[in-house]
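Chain nomenclature is as follows: A, B, C and D, assigned in order of appearance, with residue numbering initiated at 1 for each chain independently.
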């Protein structure tokens, strides 16, 4: 029996990726406990919907993490773009509430913020975690200026209503937007020259430099994409809520980071894929949804998320030679064999 | 000129900045340089400063500790829980809180050193676990909702109190713990090992220093600081709620890096962190004085921190270029001589 | 220098086998008390393997080690340390942010309940420093010290553990001559105090003055032990080189001597690194820059490639003077095989195909989109061109052996239509078998008309591959050899500063 | 060099220590030995008999330059904005007044720090919506003792202060419980979408709701999950409720309008609008429109702008009187009448009353 399992490629792929394993276990467990309601098409759509915002942000932040940086400004960009879009539409000043212009301004702000981060981070070697920690505060400062600390309620805009409320073929629009972003990130990372350069620079910046890869430009574009995706997520969030507020999307960067890490993208850069990062987000979404359906009191949810992340990352570490866990596993297998 | 150590110079820069900010704020508003304002500003340094001490120890080993604030919140909740639901004596409660903090510190150490999960990710998740424990231990009212409870205890409220002329006990504790930690870092064997492990792990391990032991000690120091911080937190506010301390970790990390600690490890010490905390509070307190809206405050303090980071990175680059150039010129001079 | 015949360490018929290749074959080696014993031999002759066995980094497959006559086992660095053996490697293992005395006493601090008596330790180390007259203070922070000073701290670290034997591996490689003089003085002082020293260096001049005895290794076997009195430079060199040169297949004479000049360099100068460098490389010619480490060769080719700047002089490519940048060089058909594979050569987490294709996306991508089929073809072509075994281009380069990694790095450029290839120490740390394959690749490149500019300090390799040889020393080209005329001795003597009486043409 | 920096800083602090004589600070780690003796007593800091104290105030609030501060729990929330606008509108009649907004972003300690800092800056009056009554007690007392009246809006502090103009969260919870029970005819299942775990306003609403539900044994709370005050999380939570309890949910109680609107969206998407009663609290404009559109059933409306104006008037009253509010033994409270709004009377809330 064991050799059938061992050399069957599908099984091997599943066994090797610890995350899919954890996911499978969770899905089976939740389905059993909720007597099937978990494993329904409607619930799957709900999970995708609950994960859509984080998913869009991941499609941006993933580029920065693959290059070894951690971009905490996804939330700041989201809040700023949402506020700008709402203000432009509501005030109707510029171009009479013209939606297209509002969106351009909002996404433009995200791109500008990404450009500034990219310039600083590609020129100086500052830990991205620390720089974006400070700049996120600055972005939220600007959001307060734009919204002058009030809640902007936008109810007249058909496009935002469509994105925020309507469904197409039973699936909410933000899910489609997320899927488009994932496709975009997947194509860029796996099928374009830029994607190859991201993995090369993330793995070894000096060897890429000597191979003629424009490393500074690669880093700059990564943060522009990250800024753009943050802004897009902000626009979708404002559409969902039909409002923009100064405290919007707060602390989303922790969820984005947790998902990317659970997805097996290494913090040192160079390894990990967008599919796995999204899988990480989906995994966390499944946990939250499963616990909701089981009626698990809210107070246990945070703890469960923390433990799941530790388990998922520890399983990864066990596959890397040299770590005590790896040696322990090796000794364990030897004893078992 | 003997080439100055990197963080010595960084500390001088932050010290100069503190003095500059101090003078600017003192001159431009008359409400800044009052004794009351000074003591209240030094009081604000207290709890975040004590946490920063523990976090600096973790950063020097080349790691980080994002769970310090949430651990403090957990220790507060352990105290509130025992105080509310049991009639233990104050000493017993404080003892149990200390043990809880040390266990949490050991858990951090285990996740980082044994499971080898990168510090950043590990402490992010252990922070969530501590948050969960805080929720579970929270005090409930008759309807079962989470509530917070006023701790009526003369000893505890004294901790939040101040000396007759105004300096708060928490400020004194902050300075005392800083000095103790500085002595520990500079004068003890384990202190040297913490620096060695952060600066060059391979060479430290070759000299027989165990990575797991050093990491465990660093996280236990951080746990102890969270414990002390928790006592003074309860002393000051007389109560706690479920997200007490959740924002403190990031503030403490920024303070210790501004004070000279470097994420790459092996750099920084407690005096630098003390200055970093002072810098943050002078900035925060001063900016408040200008009737700026909170928007302007966060923008200005954010920009000041970014400028400092950029200057620091530029300075390091400049020094590196200078030393390689100097070496080349030395060879040149000698070569020309031949 | 009193005759100290009492043997401190003795290694008898030491065996070491790597992948069924005899790295060490019945090697005998002994060190007397208070003696400077030099260990000489070509690259790959087994010097570093022998030292690694003595210091517990490797374990021996056969033979015994004696200390003061008694047999001892050295299986770990701690055993070596207990036996009083200290070693100073090229890449120093100090803690940059700690002070000198903290580094020296790291792990061995004396303390009362954990508290270190700072003053006592500092004075103790300062006394040791003054005793040897080192130009460094116990309180200095290591990162503020020069390379020479750091090396002295390493020596102090050995002395502090009252090491009986200090092994120095290429200590003067990156030192200026003034700093080297200081090191020689210190070595003599140590010798007078009864400390034995094993000294490994390619600088023969230095070795001949310093050492009391010389042991020569060749292809993992003893090639002779010579006392100081009867050292004859040319004899020593002959014993070192005796290795038969694996005859290269290609004819060594450049058949079309009137081949067009591909690359020319006119009095190139970069202050502090190299001065007035002039040479030309014809199409299909293999020009090798040889010389000791630190003689400026790597800096020259990095400047030609555009990775480093230069102060004066001109680089002429296909007749036109160019201001090289890496991007332009790659476009012009240049290629660089960097000095340090691991940090500069490849991206470890990418597959062979990934690494190879990174330089040729201008060819296999349209409108920014990569054509996967072409990319895979490129990967297979690279594997096939470099005869990389196992021939699977999807393996991560980080997981390959040293030789295969170098082939992958070569593959990065072979798959492009190259005009000039710059190669820096191609076969460092590669087993003998793979070396030949790399030489074949270089020869096939030359046959296709690619101008090859190579840097190498492995004399046998130089003779095997080069059409023309330039010897550099301290940033200047001091000698030119046409192949066929030069022998290993000439090159070795020239690069280590002995001008051979028979002036080569 | 490093020595100099270290000495300079510690000198700065040590000197001030020495100046104040022997520091008998009970250093934290050697905890005091004294046993906890007395019982936990009720908080009545000032001896009951003393009563109202008086103090002549030098400034005339209607002419002299006055500095006021408004510190909500989170500046970006709709009701906080409405209160702020109410205060600003009222104070703007007198040109000598100045109002600055400070946003603690939902962090109780941060709010306490801001209050004690404003005291040091010599503000004349503080408007406050406390995040946690106990956490803010110390700094509010500090302000009152400094002669700065503290008028709280909707959530006070556990110490006597100038005034509390409160919405009636507890009563609102009760009213909603009654309306739901009435609509369901005493029988049915309710799901509750709670505020952020530990948020005091959410707790008061919840307590009122649970207290009132005791009189309707037929109404059962199926499930409770927090959605942290925000709309998109509420949509997700409601979707999960609808999946977990298909066709069993009769009513939804959300701790604020935002979450009720989110629930309304989810119910609308599930095509069950009208079948499930959805109740929120606060009465922001968007909720009123959702009631008009029938997406949610109703809410407890408070005229927050009016509430802000009331608070401003009370502040000006105290500042113009010579009542020393620091001698209060109990915080006087004025309650804003909670108006239960549903489709029937939503039009009675005229546009100018909407915030």
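The rule is short, and it goes like this: a contact is a pair of C-beta atoms (placed from the backbone, for glycine too) under 8 Å apart; a residue touches a chain by one contact, two chains touch by 3 or more.
What you see is a predicted model, and the numbers here were worked out from it, not measured in a lab.
Identification of common neighbours of chain A and chain B yields C, D. Set against one another, B-C and A-C show the most C-beta pairs in contact at B-C. Note: the chain lying farthest from chain A is C, by mean C-alpha position. Annotation: 46 Å between the Cα-based centres of chain A and chain C. A straight line joining the Cα centres of chain B and chain D is 31 Å long. Chain centres here are Cα means. That of chain C falls 72 Å from that of chain D. For chain C, residues touching at least two other chains: there are none. Contacts with at least two other chains are made by residues 4-5, 135, 138, 293-294 of chain B.
Residues of chain A in contact with two or more other chains: 144, 149, 298-299. Looking at which chains touch one another, you get A-B, A-C, A-D, B-C, B-D.
Within the complex formed with chain A, the chain D residues making contact are 74-78, 81, 84, 101, 103, 105-106, 194, 197, 223, 225-226, 230-232, 235-237, 239-241, 243-244, 246, 258, 261-262, 265, 268-269, 284-286, 289. If you check the complex, the residues on chain A that touch chain C are 191-197, 199-200, 203-204, 206-214, 270-271.
Every residue of chain B that touches chain D in the complex is listed here, in rising order: 4-5, 8, 11-12, 15, 31, 34, 36-37, 40, 42, 44, 89-91, 94, 135, 138, 141, 143-150, 152-153, 155, 158-160, 163-167, 169, 171-173, 175-176, 179, 182, 228, 231-233, 236-247, 271, 274-275, 278, 285, 288-289, 291, 293-294.
Residue ranges on chain C touching chain B, taken from their complex, read 77-78, 93-98, 102, 106-109, 111, 114-116, 118, 140-141, 143-144, 146-147, 176-178, 271-273, 275, 474-475. Interface of chain B with chain A (complex): residues 111, 114-118, 120-122, 124-129, 131-133, 135-136, 138, 212, 250, 253-254, 257, 263, 293-299, 301-303, 305-306, 309-310, 312-314, 317.
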